[in-house]
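What follows is a pair of complexes built around subunit A, which joins subunit B in one and subunit C in the other.
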Partner chain A sequence: MRRAGEVLLVLLAAALVLVVAWTVPWLRFVLTIALAKGLAVLGILLLLRAGQVSFGHALYLAFAAYAIAFGAARVPETLLLLPLAAIGAALLGLLVGLFVVRYREIFFGMLNLALSMVFYSLLEKFYSITHGTDGIRLPPTTFAGQVLDPETQGWAMLCLALLLSILFAVLVRIYLASPIGQALAGIKTREARLEFMGISGRRVLLSAYVLSTLMAGCGGAVLAMTTRHVTPALSYWTASGELVFIAILGGSGSVAGPFLGAVAYELTRVYAAALVADAWQMVLGAVLLLVILFAPGGLWGMGRALVGRRRQA
Partner chain B sequence: MSVLLSARGLRIAFGGLKAADGIDLDVMEGEFLAIIGPNGAGKTTFINMATGYLKPQAGQITYAGRNILGMTPRQIVRLGVARSFQLPQLFTEHTVLENTALAVAAREGVWSPFAPLLRPRFRREAEEVLDRFGLLPLAGQRADGLNEGARKLADIAMAVALRPRLLLMDEPTSGVASADKMGVVETLARVLRQSGVTAVFVEHDMDVVARFADRVAVWGQGRIMALGPPEQVLNDPDVRRDVIGIGPGEASHAAA
Partner chain C sequence: MLAWFSENTLLLGLAALDGLSYAATVFMVAVGLNLVFGVLRILNVAHGSLFAIGGYVAATLGLFIASHGLPAWLSLPALLLAAVLTGALLGPVIERLLLRRVENQEPVLQLLVTFALFMILEDLQKLVWGVQPVVSDAPVRLLGTVDVPFGTDVIPFTAYQLFVLPGVAVVTLLGLVWFLRRTLAGRMIVAVTEDREAARAMGIDAARVTLLTFSAGAALAALGGALASPTASLVPGVGAQTIVLSFAVVATAGLGRVEGAAVTALLIGLGRAFAVYFEPELEVVIPYIIMVAVLLVRPQGLFGVLETRRI
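Our next item is the complex of A and B:
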């Protein structure tokens, strides 16, 4: 019964996204970007469960985005580029993860930040390859060999982002309920005990880290193919901060939180920028402040509390 | 009886404090060995060395004939050596059931990401363990909401759920209300005897020691001052004066 309710909720949310994108066409792009970022934020949520915050996850997003940019110049096929870019990001995540999972808290966060800034510098400095801060423009990508008109292409990207979001949300939920997922939460409260039970805290964190980079990679790939323009700014530390911001905004209590947060974030940004062009960051800051002060469970926690109160009444 | 855990010449010092100054000890398979002694004598340090948490500066430790010196806590627990803690080490944001199930999962292999932790088999076994400790009514409670006595028991239950061959317990009865103490130890001893677990426990309550230990080792300034059956060791005039802190003829339970 509960599971049926959840499936219904997911289908409703997906339908809502499609309906909004259909009625307000320019929001289709915004929603696709929101879902792409939501994928990366889902990875942040995973690490938050272990009590760790990465201030450098934009690295994986940017890595996959540039992989798509370089790949699209040769084989512009979405269904080939996306998995390759995501797996590439995950492999990089494994390599970096082997090193960073030895550290906790501020050291974990800052090491991730440092590595993402190294990547940013590489993108910026190697002008002959990356075109520096100008970035790279992407040709339109094909879907299973089909060349789509821009309108259909936009819908295809949104549907792809939606499918990936649902797929990974389900996957993360299963992972979190499993022994490893529970051990991951144990890293936050009593990591030493894990070792005395024969579980390696580092390996558990590494598994979550690689999964998080895989999702960031998927997000980056969708982002690149949707905006069709990649710049080093994707890897700048503020981009990573944005992911953490969205995670807190959406709430870490549920896998729905990141997507809820990402959609709210992008919409606030778009409308705030239109309303008060010079002060949209201030609006975002105020929103986050309010969430932290009055709804520490984020938007998801707020929604749940409201539903709970209505049920009681 | 064969030797299960064997320590030879263990030495470790923290600054100037010699927590182990040549410890030689054999723990026999199937026995309950109590470790007593004043605070700071190195009792917990011994457990920390035997479980790989601390590396002795000199000496040898073997378990079941295997050299375990230099192994990590993770490797040693996989050989069958579990421990419980003086201050309960629970996953505070998990329920008691989840804590215990995680120990079951740790033993069975944690790397199965597609089935939930509370799958029927793990849940059943965790409930069985909790039931034996009388903790089943608290199974659904978050670990940080328990009282000290229950936290202590849950901590030991997690170690027992690992199905160890050797269990090292650091003050299993501290924090347990004195009225419940004997009951708790009674339960614990029954569970351990049933499953044939060898136990080493640090204990301050001499009544508990007298009743449940097969042998007693007396620690003092990093050395073993006396070793033998409780009736012999606890009546040794030197031990009574230096460790238990009472003169001959006084009731032993005054020492707790």
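Our next item is the complex of A and C:
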């Protein structure tokens, strides 16, 4: 019964996204970007369950985005590039993960930040390959060999983002409910207890880390193919901070939180930039403060509290 | 190898001098960050913004002095005044109105509060001082340059960067060590850093200590910014750059001793300066490479104390 309700809710949300994108055409782009970021934020949520904050996940997003940018110049095929870029990001995540899962709390956060900053300066300095801060423009990508007109292309990207979002949200749900997902929460409460039970905290965290980088890679790939322009700013530390911001905004209580947060974040950003061009960052900062001070459960927590109150009444 | 050294003496000398003056500013920022983390257990992302604001206030004071025909030597104490103003005005406000409210929240939320503050302060700077570079180099011009003999060569270097920057950093280091180990207020800070509960049980007003420490940390960051402002023009984004660098210093040093921050700042400052002269592509990467290398060998940082595992 509950499960049927959830499936219905997901279908309703997906339908809502499509209807909104159809009635307000300029929102289609914003929603695609929001879903792409939501994918990366889902990875942040996973790490938050273990009590760890990565201030460097933009690295994987940017890595996949640049992989797409280089790949698209040769074979502009979405269905080939996307998995390749995402798997590339996950492999990088495995490599980095083997190193960073040995650390906790601020050391974990700072190491991730450091590595993403290293990648940022590589992108910025090696002008001959990456065109520095100018970034790289991407040609339009094809779908299964089909060249689509811009309108259909936009819809295809939105549907792709939507599909990936649902797929990974379900996957993360299953992961969190599995024994390994339960062990992940154990890292937050008391890691030593996990070790006493014979479970390696590092290995558990590594599995979550690699999954999170895979999702960040998917997000980065969709982002690159939608905006068709990649710059080093994608991996600057503030971009990683933005991901953590969205995670808290949406609420870490549910896999729906990241997507809810990402949509709210992108909409606030678009409207704030239109209303107060010089102070949109300030508006976002104020929103974040209000959420933390008055609704620490995020948007999801707020929604749940509202529904709960109505049920009681 | 030797031949290479004798060929590059001049560059090596320049890099060493540059690194020293750079390390001095980095130290001021990192030591404040370290102090604040010790007492509040919050990694203050907005610390870099305080650095930038300190710099802007100093530049504004410097330009005011120049435009009103006041004696030029006033621009030196103006740097200190800028730091005190920033620390005394912003420090208590941020601590009381924001950080105290999230005292008992999860660490992630506390970190994000400072990130929100960073976003707000970043735009506030742009609104107040605009996006054009702000330059006020009166203190540097005032003191002129000194010829530093280096082997057979002579390097002309600004006296400001040679004496004032490292001088203030050394005075800060010694002053802090004396303050923390010999005075009552300092020992209270150390006590709260070690064990907040126990310190409170001994009758220490932890809330006051927290307020004091945060304001002092803010003033140190602002002093770093004020001291750096005459040597480089101020542009938006300088706070964001500073904070990641001081994160690297703090993580490399490990959390704890003030001297650790000094040694690490020197290491990273020199490392970066040598990169600037010999491998410019690596300039920004060097601090992180040093950090990753150190943490590979010593996970708790160079000077950090290993925390006992809670069971």
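Structure notes:
Rule of thumb we're sticking to: the second predicted complex is superposed on the first by the 313 of 313 C-alpha atoms of A that agree within 3 Å, B and C clash if a C-alpha of one lies under 4 Å from a C-alpha of the other, contacts with A are read in each partner's own complex, and residues count from 1 in each chain.
Note that in this section a contact is a pair of C-beta atoms (placed from the backbone, for glycine too) under 8 Å apart; a residue touches a chain by one contact, two chains touch by 3 or more.
Because the structure is a prediction, the values reported are computed rather than measured.
Within the superposed three-chain model, A:Ala183 lies in touch with subunit B and out of touch with subunit C [touch as defined at top]. Of the two partner chains placed around the shared chain by superposition, subunit B is the only one that A:Ile199 touches, whereas subunit C remains out of contact.
Measured by the number of subunit A residues touched, the leading partner among subunit B and subunit C is C. Of the two partner chains placed by the overlay, neither subunit B nor subunit C lies in contact with A:Met225.
In the superposed pair of complexes, A:Tyr175 makes contact with subunit B only, with no contact to subunit C.
When the shared chain is aligned, no partner comes close enough to touch A:Ile246: not subunit B, not subunit C. Touched by subunit B in one complex and by subunit C in the other are residues 190, 192-193 of subunit A. Those residues of subunit A whose C-beta lies close enough to touch subunit C in the complex are 48, 51, 53, 99, 102-103, 105-107, 109-111, 113-115, 117-118, 120-122, 124-126, 190, 192-193, 236-238, 241, 244-245, 248, 278-282, 284-286, 288-289, 292-293, 296. Chain contact summary for the complex, subunit B toward subunit A: residues 51, 72-74, 77-78, 82-83, 89-94, 98, 102-103, 105-107, 110-118, 122, 158, 162.
Per the touch definition, subunit C reaches subunit A in the complex via residues 37, 43, 45, 98, 101-102, 105-109, 111-113, 115-120, 122-124, 126-127, 240, 244, 247-248, 250-251, 255, 281, 283-285, 288-289, 291-292, 295-296, 299, 301, 309-311. Of all the residues in subunit A, the ones that touch subunit B in their complex are 174-175, 177-183, 185-186, 188-190, 192-200, 204, 207.
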